[in-house]
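What follows is a pair of complexes built around subunit A, which joins subunit B in one and subunit C in the other.
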Partner chain A sequence: MIAVSSLRPTTTRGAIGLAVGVAILAALAVVPFVLPSYRTALFVLTFMYITLASSWNIISGYTGYVSFGHAAFFGLGAYSAALLMIRLSVHWILACIAGGLLAAVVAVPLGFILLRLRGPYFAISMLGLSAALQIVASSWTPMTRGGSGLSLPPTLNLVESYFAMALSMLVVLFVSYLIITSRYGLRLIAIREDEGAAESMGINTTAHKVSAFVISAFFPGLVGGVYAWYLAYIDPTSVFRPILSIDMIIMSMFGGAGTVFGPVIGGVVLTAIAEAFWARLPELHQAVFGVLVIIIVLFMPGGVMNLLRTRGLLPRNWRI
Partner chain B sequence: MSSILEVEGLKVSFGGLTAVNGLSFAITEGSITGLIGPNGSGKTTAFNLISGVIKPDAGRVVLNGRNVAGWAPHRITAQGLARTYQISRVFGQMTVWENMMVAAGRATHPPAERARLLLERVNLYDHRDAMGADLSYGQAKLLEIVRSLMLEPKLLLLDEPFAGVNPTMGQTVLAILHELHAEGLTILVVDHAMSIIMNLCERLLVMDMGALIADGPSTQIQQNEEVIEAYFGRRGAKLVEAAAGATNSDGEA
Partner chain C sequence: MEISTLVQLLIGGLLLGAVYALAAAGLNLIFGVMRVVNFAHGDLMMLGAYVAFWLYTLAGLNPLVSLLATVPLLFLLGWGLQRWLVDRVVGQPPLMSLILLWGVSLVIINAALFLWTSNSRSVPAFSGGIELGGLSISRSRGIAFVAAIAITGAVWLFLQRSRWGKAIRATAQSSEMALVCGIDVARVRHITFGLAAAMAGAAGNLIVFIFAVSPVVGPTFMLKSFAIIVIGGLGSFQGALVGALVVGVIESFSAYVLNSQVSEAIVYFALILFLLARPNGLLGARL
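This part shows the complex of A and B:
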């Protein structure tokens, strides 16, 4: 057995984690049945953001390629799933999976091309990709109905939407856990740390980067589909909006990029903050996010998880 | 003994500057060879060309019988070459142990056992949970060497393993290199620590202006006029010659 298993929690810590996890899952399972619709809808939104931030985290947090345009995959999944449901009457679950798969397939050639770029160049290229797809969705009127958007039959089933988003979130978190506790994850971190040295260690960096990119594209595509089905309406500005990509980054960074639970913390805290401000100070809620970015960059560059690591509450190489 | 590495007519230019110009040499299996030369002579560029970090404009790099010139570094590594860098490139946000495991892909031994043995060899096993960023410069150099050994290379390229290392740590590096050589590993080492290189290496290759200007046993290289001139310049070479002559005269007197 390769000793990277030491990256996984010890038996005692694992047992405690498992117990807490089961308790949380049990509590989440009853949420849509006991909370009012508004609160349940807030959970759906939170799950979606956690899924998006966790997906972003795989290519950007683990591998170090910061994407400013992951909304591209969300929009791609949303549109493809919506079109499958509208035009071919595909079942929503299959349509959502197809949305994820299409985003993943598109990510393969894109990865080979864009992941040759480093740092700001990659970030900007992703931003450009998202903007380009938004233009395509806006101008390909015969297929997408352009700026008018696509309307789907209303689902009126919040419980199914809740569990679909929850399941997407749990799967991406499980995948993130498997990645970061494996030698594959270690290699992604090596690429983030020093790509040249990683290559000299025999790591096929192109294959690793592209595969991480593909995984990180699948889940936004998947939840894009769920989002389209849940809201029963999408348009180019709602699913390709740049602020969605920025939200993924901020949430991941706030919680701790490069860790499994960082995006969870970021997703929960920032969705709650955004919701509170949106309800009370609608004109200020984006400004609050801006201030948060400044605070993160200045005072906690590694996010909450890094704060816990530097305070000795977590081991320094803790990535879960 | 057969050649494990054959470099033939290797050439690369950056803009108007030809950094390596028709470099040719061969390295015998099991040997320990030093590659020396003044600053800017092209030693590190030669290493980068051999290990695939830079693609050559022309020439061949035959490693284990296969021309690997222009290959991606990870493919060259899979062919049996490992290298270290002039400035240590340990992964700072990984523990010492993780640094070892990340290179374990193609190791034939059980990786954990091999990592333990290698870390014990350089007294880093007790520091296995330390972060790479927390190591001293010398420790990072040692870790980089043993990490490259996780790949079980047939040829090890070491770029200035003694640079910036304190004398005690330098002795540890030296001892490790002697051991590895005794175990049959082929080593090509670049360094400016001439006294160490002269004692460590059976054979020296000397580069200047991107080309090989001398090749031979270290005792012979020390006397080579072209080498002395490359290091000290024409005027300096005369001074060295005069000093040597004076020493001889004094000795005779």
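This part shows the complex of A and C:
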């Protein structure tokens, strides 16, 4: 409806956007070959965070069901991929995809159960779930070797890890774009704005919420597997660490929850800041993120994207 | 399992439950008045525990006496949090206040880590046990229990009898009507948060007799308190007591049969089960 009236500017912008996108992709493709490995590693980390923040965004940004425990899916994927590689010598790519699928499969019953809970109940249940899974991972010693963690044969292949993370990120961004520009995405946003009204309009809210939840569980599971393969070592405190859930939320909210580019902006800016200033001081990192959460909630609840919209730098109806 | 072990575990769980009840009643009070879930509640408990620890370690102060410092300090902190931060999001979707307080929680935890390191701290002021008809009851739990019941009772009396207590209950029933009746609702909110923070601090001050406490325990305490008010019934003062006793007993039994880490996971699963099967809790009113 709106698209018709603004067809011409959208097309011009679309062409510019396409050119910029291709240029960025080309630049990213040569990064691991021209930059020193520690810089490339930073890119790997940034891609991982963007993927995580975008996945969180699909359930929490679009439908408004804020999850405080998305690290649960990351840890689940990391553990199942690592176990597949160690026990069954599955190829790492297949193991990572299996990790993502497992997280998605687990999310189906979980979604049916937990998405009946609204607002703070859902948020806190997810937090409890991720804490409970961490406990399971550290107590189920015969399977997970408990707190001593799982070691994989070291691969030391930064280039493959780089492209695996980059591909995961591009896919999740593409999926987010498809969702937000589709009727499905509009229905998710309707659920966020007023679930009762959405339901009375004939939207099957349960099916929409659960499917969004499953999509948003797949990608953390996938990059959890890549992470395990890349570092060749995981333990319960590293892959279920609550700070991961925190990072996803803060990056998404900083950039602008409910948009495609918001988590990208948040992921890039906050990973860069974190690395540049306080990588050596983890307490300071979390404390500054805490202050940032407070500032975002009080002063910029829509994040950077919303600031750009209200300043007229982006069209008011911009949803990507 | 012998019957005496069973009784001892039950009593141990009930004693611990009373301390949880004190904290959970505070969480419930904030929820009842403002529909806000105080995500930093466990961190306020942690701060209370550290007040007791430092007064004991530096000045040799009896940790029961240190309640006289913990309660006013945490009251002021809670009052300030409400006055300067939470007031700005009251009336917005409940998730905004939850995320805001979660930011506050991060700041408190990491400030504590920075200032006091991640070491676990305990106050070994009351060691040993009390022999009671063949049962041995931990002295620290007994003392914490008596103090927790006394403080919870005092708060209950305050809410039932005093003018401010009535104002708080009126605001919980309907803040618009309370406003129309001439109650200063903004001040009621400040006092409510202050009071609840003081209850959390007092509970922390008591819990450090029983467990060692480190700066990162807050979220665990918060989850437990939340589980308690969900099990007992949101917004119900007596419900917090019942829920806390249930959680205390679940925890003490599963810690004995399995281990203390797994007992935490069991509390979370109980929370989720209750949210689904009985969202109004055992005693809660329909929301």
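Simple rule for what comes next: the second predicted complex is superposed on the first by the 306 of 320 C-alpha atoms of A that agree within 3 Å, B and C clash if a C-alpha of one lies under 4 Å from a C-alpha of the other, contacts with A are read in each partner's own complex, and residues count from 1 in each chain.
Assume a contact is a pair of C-beta atoms (placed from the backbone, for glycine too) under 8 Å apart; a residue touches a chain by one contact, two chains touch by 3 or more.
Computed from a prediction, not measured in an experiment: that's the story for all the values here.
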{"item": "Subunit A residues touched by each partner, larger count belonging to subunit B or subunit C", "value": "C"}
{"item": "First (subunit B), second (subunit C), both or neither touched by A:L284", "value": "second"}
{"item": "Subunit B versus subunit C as contact partner of A:R116, first or second or both or neither", "value": "second"}
{"item": "Contacts of A:L127 with subunit B and subunit C, given as first, second, both or neither", "value": "second"}
{"item": "Touched partner set for A:A197, first subunit B, second subunit C, both or neither", "value": "first"}
{"item": "Contacts of A:I246 with subunit B and subunit C, given as first, second, both or neither", "value": "second"}
{"item": "Subunit A partner contacts - residues on subunit C that touch it in the complex", "value": "37, 85, 88-89, 93-96, 98-100, 102-107, 109-111, 113-114, 219-220, 223, 226-227, 230, 259, 261-262, 264-265, 268-269, 271-272, 275-276, 279"}
{"item": "Touching residues (chain side subunit A, partner subunit C) in the complex", "value": "64, 66, 68, 113-114, 116-117, 119-121, 123-125, 127-129, 131-132, 135-136, 138-139, 242, 246, 249, 253, 283-284, 286-287, 289-294, 297-298, 301"}
{"item": "Subunit B residues within the subunit A interface of the complex", "value": "51-53, 72-74, 77-78, 82-83, 85, 89, 91-95, 97-98, 101-106, 111-112, 115, 129, 131, 147-148, 151"}
{"item": "Of subunit A, residues touching subunit B in the complex", "value": "1-4, 6-7, 183, 186-187, 189-190, 192-194, 196-206, 316-317"}
